[in-house]
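Okay, handing you the structure first.
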Amino acid sequence: MMDRGALIGGVIFALLLAMPVLLPIVGAEYLTGLLIKAMLLAIAAISLDLIIGHGGMVSLGHAAFIGVGAYATAIGLESGIEEILVLLAITLAVTGGLALVTGTLALRTSGVYFLMITLAFGQMIYFTLTSLAAYGGDDGLTLWSLATFFGSDIVQEGEGLYFFVFAALFLTWLGVWRISQSRFGRVLRAARDNPQRAEVMGYPIARYQLIAYVIAACIAGVSGLLLVQYAEFVSPSIAAWQRSGDLIVAVVLGGLGSRNGAILGAFFIVIMEEFLSSIFHEWRLIYGPLLVVLVLYAKGGLNDLLHPKSREAS
Amino acid sequence: MSHIARIENLHAGYGRAEVLFGIDMQVRQGAVTTLMGRNGMGKSTTIRCLMGLLTPREGSIHISGKDMTGAPPFKVAQAGLGLVPEGRQVFPSLSVVENLRATARPRADGWTEERIFEAFPRLAERKGHYGFQLSGGEQQMLAIGRALMTNPDLLVLDEATEGLAPLIREEIWSMLDRLKQTGLSILLVDKNLDELARISDQYYVIEKGKIVWSGDAAAFGAERTKVEQYLHL
Amino acid sequence: ENLKIGMVVTLSGPPAALGQQIVDGFQLALDEKGGMLGGQAVDLIVEDDELKPDVALLKATSLIEREEVDFVVGTVFSNMLQAIFKPIVESETFLISPNAGPSTFAGNNCNPYFFVTSYQNNQNAEVSGMVANEEGFENVFVMAPNYQAGRDNVEGFNKTFEGTVTDEVFTPLGHQDFSAELARMSTSGADAVFTFMPGGMGVRLVGQFDGAGLKDSMKFMSVFTTDETTLPGQKDAAVGFLAAGNWAPDMDNEANNAFVSAFEEKYGYIPGGYAMQAYDTANLIDSAVAATGGSLEDKDAVRAALKAADFTSVRGDFSFNNNHYPVQDFHALTVVKRDDGKFHTSFVRTVVEDYADSFASECGM
Amino acid sequence: MLAIEHLYKSFGALQVSKDISLSVATGQCHAVIGPNGAGKTTLIHQISGVLRQDSGRVLLGGQDVSHLSVWERVQAGLGRTFQITSVLPSFSVLENVATAVQAKTGSSLKFFARAADEAALNEKAQATLSRVGLGDRIDRPAADLSHGELRLLEIAIALAGSPKFLLLDEPMAGLGKTESAALIDLLNDLRSDFPMLLVEHDMDAVFQLADEVSVLVEGEIVARGTPSEVRENPQARAAYLGDGA
Amino acid sequence: MSLTLFLILCLNGLQYGLLLFLIAAGLTLVFGVMGFINLAHGVQYMVGAYLIFAFTGLTGSFWLALVLSLITALLIGLLLEYVVFRHLYSRSHLDQVLATFGIIIFLNELAKVLFGPATLSIDTPELLSGSIQLTEQLRYPVYRLVTIGVGLVVAVGLFLTISYTRTGMLIRAGSTTPEMVSALGVNVKQLFQIVFGVGAMLAGFAGVIAAPIFAIEPGMGDNILIIAFVVIIIGGVGSIGGAFVAAILVGLIDTLGRSLVTEALGLVFNASMANQIGPALASMLIYILMAAILVFRPKGLLPAKGAT
């Protein structure tokens, strides 16, 4: 069954898959880095959309989990662990555990209070990272060795890394979409729509929301891991609240709770920044109003421009 | 007798859904007019258009002879319409007294807080409660009181007796009776045929967005079974 | 084939003033040479790192992969340098820092492709300690923002200062209201305060210090706090404050006089150390490209030519240490108001000559 | 089936439940009537767990549920409707009901299979909707329904959860004559499946459905009996029914 | 720590708190009371600071510049409302976040283009410069004392307006049920426009007040916006009284924390350890406070009744 959303998603992924072949032909290999950066942002944005778009839980602390994932990986690498699967396990355990604790507390609130309590936890994580003097403090840490995949350095650079990130993006996209359509996702959306009703239907909604929160944090953690592989560097600034804000912008701009919105939003941001800043130094004078115009005229986000009048998820 | 409100060839809907298909209705000065119909036929949509809460796609709305098609709600209200909306919509973050005061438009020997509290002693007992702390019926009383405090020329009640205890409901009907005596015009959406028959001067029955029957009190008396058929399946 | 030079500096947010000085300083040198360095026409590509590591990284990789530049000049801030360092040096492109000089790359991790034309970050503070000794301060109140550079500067000061540090206060980065710290200062009994408060923090601190009337009771001594980027905001409040550095606009030598007047004429403001270092960087590249006869393929030859530092630095003597960080003189400076009402730092005396950083010995080069 | 023992509740100085006790046996419909603000909705909130009682107990099928949370009581078999309509506005009418069905059929911790494709859920939802007369509205977003239609959806959601006991807060409110009559018939049918507690101001409905009626005034039960007994009860007449009934 | 120092810290905390209140009050009005998330509120604070800078430069008089700045801030607020905000009232909070985020980006850049990236400053007005002797040992700047006074006056005025006047009632009612307010004869759009203008003016006023103390630079509103959000969340959204209490609380805790935490840690750990974690902990303090309050009071300290 090929609906419009799947079609657009298919086109996006086919394009991304073809890029390593297409870019050298047009002599634009240097764009690989940009695409990896956009894909990493997209992974985190999709995970955030699980809780914002489907769960109605707007978190302003999501980037902190990217930071935690990245630091877990970096510290693992520094202490000599190089196998990416082991690092992955560490990252998932650390981000998941942290999300379980902060999520339990944060979910006592809702709405904008949730937004702010997640900001608070995010800031605590951020300031903690800045005080890790052994790992570079504010300045961050350059990583002289990177993770390997069963001992091979295929996931360190170039196409190997590209496809690895691509695979992660695809799995995230597919996974989050399926979750949103599953029984679990339906409960999550019900709790977003009307928590009291969902509760009186017989669902312990806080539990469902917590699970979603932890899943989203784990995915963000994975994007942190991949970010380390790509940047060969970590610094606390990836966990700053402004970064969480960027993620929210990507999600909302793309279209909340839609299958491809988060990807579209993430790519839009990365590409527009790159494009505008290369033609005009005061590019923010254009970018700011552009966001305003998009909000005013593209009501369901970028996704609806491609895909009018059929909000899928809800 | 002049018309305080006149609706002509009204078409309206939500998004792509068409709901009203050419409604014609007149609300006479000093009379009680009733709009009836089964659930989902377009009664509230008609009221929303009249109040300016929904912009008609076609047709016109005149209030006291002035064209008010597409006018914003506050203009319509200032032209003398007072609405008791479906689903009460009291201001949850205001106390009972504040709910009455916030939008009041005082008039010499018009409605005052004291008179509202006299009419609904229950509200007086709950003066300091916030809107969200009231029981369903109390909210309904408050919504009626709030509309009266604007001292309207035409009182528009969309299912105003929903959720009221029988005693209060009776009280409301007799209040409407008294209001009618004072020359107030009233537009009612309700399902209580017996009560309506006692008080109303003009009837409209709506079905799937069209007026399928209309008539005055005499016609209603004569054709009551026919009307009931429209209202039943 | 033109000489391609990529520049990664901060041009967004308040620190943009620093990045702008670097761009202007570099451009001035370029213009003076008719757009050529070492006899080759130059394509200068300026990128804004937005003070975000990931942006810096992306800009840097695009410079080396897309533009295939011969030199990268950057950055203003140490953490930006951290972010771009590895990919640039691994691509065997020369990276020359016109400002950031972190200890990270001065010792063990020194690199054959990395040069610094400014100083090692700790040096200015170390010299401040010496200045404090010379001025005869016995009790000094030390304050810095709580981040790596802040801590480095405090450490540097403590290393050379021989008196007593009454308090060591770390404020958050971007601190707004210093009145609590000022209150502590006033009751601390210190003769002087030493601080490192770059950018807006410095403007606020100096204004509030003046407002609290502390100017009469204690001396103010700082690095990167009262410089040509912040003085337009601090104005009279900063006059007479002490500083330490490798240069001042009124340092009297021929090259410097020419540079400062040309710069002022062209850009309408008094250059600061950032502009000066960028100007020197351009001249350094000029000398190296000329020395290699324009063939940049032989990296060892380029490196040797850079290392030779065969150019006239506007600050006087200049050479590179084994770790490619400068060896240069440091001076005591003070803030003055010029007759035309503009403010700048002014040369007082030389405190230490041919001063090298303390990490060089760990560098294996 | 349901028993309430000595329930007390106050909001600040205002006592809304004063020593309320009542029980409903299998197959029975127990109506609670009383003036506006008497505490009927508050009583239902306490039984369903939306509000906590100050003291007293709620027993369902002999089990004390007083300290269970809302969803646990629902899982134990309590179903309810809200006086002020409460549905999932962005869901379609069908999905509203299917979500309620899902809560009682199998685990909802399934992350991969499409819930919308589960025929069992959809069929049951469809059947329930047809029963309340919303069969032709299933694909509409709930937000697009008229007031009366929403009231019907509210009931469908409660029924779809296969309750063992049903709490109905003014189900007739907002319904037209026809719809009310149909709903009375439906509830009459269902009574054999599960007992219910009915709060209602529509006396026709009360007298047609109820086996027993309690009259609640100012938080206290002042009269109890069969519908005809209550109709003749002077206290009930004075406080509530007036002379019309 | 001496008593004098402690008193100064408290006064500073109070003054910072009242400045926060001026910003938070506009924010909570627009957000809590009208249900509109205006991230651009912080940038309006920046606008106020730049306005006073520009107007003092032009007129040479702080007081004239003050009046001009307030009027201009109001006009800019009204203009933004007219061009952007009014189209977003019925939209989701997240759309509002995105659009106002766009405005922040634009205005920050515009300030940089117009005034340059460097930090600017203005002098304290002649009349209010200098300090007065409060106790034998305690001198405190007049300007800061006046700020405290002005903040208190605005706080009381706002509280009375919102709680007791008809306009206040309408504003509160308009946030939850704007349609009904309109259907009962009140021009809600105009009302919202006025509230917006006043909110913008309050933020601008805070910027004006802050300009002589803090420095003026592009982006100066971004961090203060977050702190202002912390304040209104701790206080309970939409509650002026709550915002007041929370602003004072945050002002005091932040100010005292920055000075005392490191010292307090010094009692437990050695000095370098205390210096390591002290400042990080001090920066976290208000966030820890907010999280703790929300865990126990998920709607803040004094939530507005019945607002959603």
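Some observations on this one:
Letters A, B, C, D and E mark the chains as written, and numbering starts fresh at 1 in each.
Assume a residue touches a chain if its C-beta (ideal position, glycine included) is under 8 Å from a C-beta of that chain, and two chains touch if they have at least 3 such contacts.
In UniProt terms the chains read A = Amino acid/amide ABC transporter membrane protein 2, HAAT family; B = Amino acid/amide ABC transporter ATP-binding protein 2, HAAT family; D = Amino acid/amide ABC transporter ATP-binding protein 1, HAAT family; E = Amino acid/amide ABC transporter membrane protein 1, HAAT family.
The structure presented is a predicted model; accordingly, all values stated were derived computationally and were not measured.
Annotation of chain B and chain C: jointly contacted by E, touch as defined at the top.
Among the remaining chains, B is positioned farthest from chain A, on the basis of C-alpha centroids. The chain with its CA mean position farthest from that of chain E is D.
More C-beta pairs in contact connect the chains of A-D than those of the other pair, out of A-D and A-C. The centroid of the Cα atoms in chain C and the matching centroid in chain D are 74 Å apart. Inter-chain centre distance (chain C to chain E, centres taken as mean C-alpha positions): 35 Å.
For the pair chain B and chain D, the distance between mean C-alpha positions equals 29 Å.
Annotation: 51 Å between the Cα-based centres of chain A and chain B. The residues of chain B that reach two or more other chains are 133, listed in rising order.
The set of chain D residues touching two or more other chains is empty.
Shared contact sites, meaning residues of chain E that touch two or more other chains, fall at 112, 279-280, 283, 308. Pairwise chain contacts in this structure: A-C, A-D, A-E, B-D, B-E, C-E. Within the complex formed with chain A, the residues of chain E that make contact are 31, 37, 84, 87-88, 91-95, 97-99, 101-110, 112-113, 222, 226, 229-230, 233, 237, 276-277, 279-281, 283-284, 287-288, 290-291, 294-295, 298-300, 308.
Residues 11, 13-17, 20, 146, 168-172, 174, 176-177, 179-181, 183-184, 187, 199-200, 202-204, 207-208, 211-213, 229-230, 232-235 of chain C are the ones that touch chain E when the two sit in their complex. The part of chain A that touches chain E in the complex is made up of residues 52, 58, 105, 108-113, 116-117, 119-121, 123-124, 127-128, 130-131, 133, 241-242, 245, 248-249, 252-253, 256, 282, 284-285, 287-292, 294-296, 299.
Contact residues on chain B toward chain E in their complex (touch as defined above): 51-53, 72-74, 76-78, 82-83, 85, 89, 91-94, 98-99, 101-103, 105, 130-133, 146-147, 150. Considering their complex, residues 28-30, 33-34, 37, 130, 133, 136-144, 227, 231-233, 235, 237-238, 274, 277, 281, 284 of chain A touch chain C.
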